[in-house]
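As written, the chains take the letters A, B and C, and residue 1 is the first residue of each chain.
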Amino acid sequence: MNKILEVQELRKVFHVGPKKDLVAVNDISFDILENETFGLIGESGSGKSTVGRCLLELIPPTSGRLFFNGTEYTAFDKAAKKIVHDNMQMVFQDPYYSLNPRKTIYDTVVDTLRVNKEITKEQRNQMAEHALSLVHIKSEDYGRYAHQISAGQQQRVGIARAIANNPKFVVLDEPTSSLDVSIRAEIIDLLKHLQNDVGMSYLFISHDLSTIKYLCHRVAVMYLGSIVEYGTAEQLFKNYAHPYSKALLAAVMEPDPNKKRSDFRLSGEIPSAINLPKACPLASRCSEACEKCFKEEPEMIEVESGHFVKCHFAKALEDYKGAKEQLG
Amino acid sequence: MKDAIYLLKKERSARVGLIIITIVIMLGLLAPIIAPYDPVTADGRASRLAPCAEHLFGTDSNGMDIFSRCIYAIRIDVVIGVVGTMLSLLIGIPLGLVAGYYEGFIGELILRLADLLQAFPAFILAMALVAATGQDVKNIIYVIAFLNSPIYIRYVRAEVISLKQRSYIEACHAAGMSDVNIMFRQLLPNSLRPAMIQASINIGGAILLTAGLSFIGAGVPVPTPEWGSMISTGANMIITGQWWAAFFPGISIGITVLGFALTADFIRLYLNPERK
Amino acid sequence: MKKVLDVKDLHVYFPTSNGDAQILNGVNISLNEREMLGLVGESGSGKSVLASAILGNVKKPGTIGSGQVILDEETDVLKLSEGDAQKIRGQEIALIAANARGHLNPLITVGQQLSEAYMAHHKCHKKEAWQKAVEMISAVGLTDAELRAKAYPHELSGGQAQRCMIGMALINSPHILIADDATNGLDVTVQAQIMDLILEMIRSRDLASIFITHDLGVIAQCCQKIAIMYCGQIVEYASVASFFDNVAHPYSQILINSLPDRRDAVNVEDNSSFKPDPLNLSKGCLFCERCKYASDRCKTEQPPMFKVSEDHEVKCFMYEDVKDGGIE
């Protein structure tokens, strides 16, 4: 399968004060295939939103390499920006604030297309109308403003704006977190449908595990700027290997009175990402941590085909079952 | 237009404000027709007359009809106030946009220049500048425009800084819109509201500044009819009990400034995007 | 079994220049000793107004149209004067809300705030109140309680601030607790810790509680009863076991179907524009417009609560003729 996006050793550091460096993204590498939904799970401070913005060059990475369809676009120059603008787009978390309050929703979608100098006005309008119809916004609503439509509709407009120029890759930064439960489901199903009909890859950033499980093909779990585990959704949810993944899954309450949740908890809270030491990011909270965890950064170990874990206790492939028992 | 009328029906303050300034502007425009006397012709025999049938507001020590002068003064005071403020906006808004969007060196530079200008007491600086450039309506307009622009630079800059964080601006960046496009087509229309409201109030302030300068003789030259200089010459007459020469121009200023201040409320409501 | 709380036919409206906005339209729920009731409602359902009403805290312009909120089978909270209502708040019923830091005074230390909460209901010395505050801060799981009590809200993390809120709610030993979206905005792993704390407090202090949330998982795992709220009315009211066995009301079915693992039908249509207008409620069933089973009768007549089984009631004409047990 073709790799639409490849990220190598992406690093983003924010200089927040004298001798204070906030490591938002800590040398991560992953790839996304064509027509795949890749999930990025993490809590606050994990760096997941920063990753999305680095991929779209909204924030310049400190170091690392980015490839789209085999072509490198790491440099922040005109050619790189062209690659981004022609092929990648983003959907944001807060549906209301992601729309210009003074523009009609029709204009919002058309404006995005204006950047493409190669299309005529008629083509622009056609593409905008096509995008709006794909998200099921009716033509009688085209003249409405953001505050006149519901939150679900606002987010649909945000999606229409993102897909209007037929991008191959869309970053979705917590697109359903601010929506009501019943609306969330509609938007998720819409995204799935669009992927099947139109064909594009998604980077789906979220902290909601059940949505990720439903929507994503492969998933990466982030903690304090590092990817601590990644693999297919099934591998992660059934054969999780990292203690952090275990804690995340243990925190979920199943809507089934017969399934009680696990007692596994991490102690303490997420530490600050300023001046991160070179060690396992979870060491301070992990009940299994040993001396090595505090001194040495773990390697990414392949525990199953395509399933990687960043933990000193992970055992490669054949030894995997042993590691699972050790973690308990 | 329709929603402007709807707003006027609902909000009394807006209605009153607009009525006042409409009347004032009409009077100013129709001055040659309405004013019974020529504003600058002195008639020695008619000096210091109390308000009566021939002279509605009385006459001043030079024999000039105060009613006619009050009406003609509209053409000076209101024009200086409105044009001066418009010019101020024209200077302040683009500078504010740039200062807010490019916060680094350019932004800081613009802000420091604004600080410099605002550090001086406005009235003293106005006096000095008018004295240097000559006492002339044109120069007073330029001085007012120049002195008030820092206010709008700050208002617009503040709005831009807060709005550029919003995700719809991020979306524009993601789409590849140029900086100029984002500044003028996306940010500008959304950043104007506080500045426009303040501008309406400031028209009143500009009128007061003009009147103040003219009162001390540093503004519009005598004998041009202007409310401030009229109050100045009329003030001498109060001691002898002749109150009308200072009273009527004073009240004219008061009503006009009130009118513009109330209109600020109308602008506040009209420019609210969520009203639609 | 004593009913600690009984809400009877509660109607609350907000007069506006365009008419009366009907927010609560006949709410009937009750709470027994040591019982946990889960109240599910999306935005606009009126759940927060209901919480305010139970606390006797409906502020102008909100007006009580009719109904009663009976506390401990003796007092109608709605008929109390403000002074008497204040005595009840905190002492008999307490509230934990979301966004803890927004509910704490940023200018005084958390220890002082808890002390003040204590002194509001007990005549005592500042020193004694401070002692109680420190004890409470320790009881909610914060280490170094003496030190922690001297901290200001902005110095605490989200989880720590929420713990202090819980402390403030429980310091006067109420016997009823209302948790309104108590874990919203917190990280997943912290949510788990806070839920553990709340459940522990409820258990050790024998509290009756109402959990207002949109998370069916929380209710499935922790509550005994569940009430589904739509447009200011309870549309389904049942024991948790009975509910998850047989989700009866069409709105409840939409909510269940929104859960990724329970999804049986894919729905990309935009239904969010069917939100009823509180200024102009229909005479018939308030859910009619969104309901795929709606009949003509539903448009003109409002259904009463029908009993589906011993511990399961539904406000829907489809269940009119059902006697105990015989459900589709």
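Note that a residue touches a chain if its C-beta (ideal position, glycine included) is under 8 Å from a C-beta of that chain, and two chains touch if they have at least 3 such contacts.
Source: prediction; values computed, not measured.
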{"item": "Chain of greatest Cα-centre distance to chain C", "value": "B"}
{"item": "Chain pair, most C-beta pairs within the contact cut-off", "value": "A-C"}
{"item": "Centroid spacing, where centroids are CA-atom means, of chain B and chain C in whole angstrom", "value": "54"}
{"item": "Inter-chain centre distance, chain A versus chain B - centres from mean C-alpha coordinates, in Å", "value": "52"}
{"item": "Distance between chain centroids, defined by C-alpha means - chain A, chain C (Å)", "value": "32"}
{"item": "Shared interface positions of chain C, touching two or more other chains", "value": "none"}
{"item": "Complex contact set, residues of chain C against chain A", "value": "42-43, 157, 159-160, 187-193, 195-196, 214-222, 240-241, 244, 254-263, 266-273, 275"}
{"item": "Residues of chain B defined as touching chain A within the complex", "value": "166-168, 170-177, 181, 185-186, 189-190, 273-274, 276"}
{"item": "Of all residues in chain A, those that touch chain B in their complex", "value": "56, 58, 81-82, 84-85, 88-90, 92-94, 97-102, 108, 111-112, 114-115, 145, 147-148, 158, 161, 165"}
{"item": "Interfacial residue positions of chain A with respect to chain C in the complex", "value": "43-44, 136-137, 149-153, 156, 180-186, 188-190, 192-193, 207, 209-211, 213-215, 247-248, 250-257, 259-261, 265-266, 269-270"}
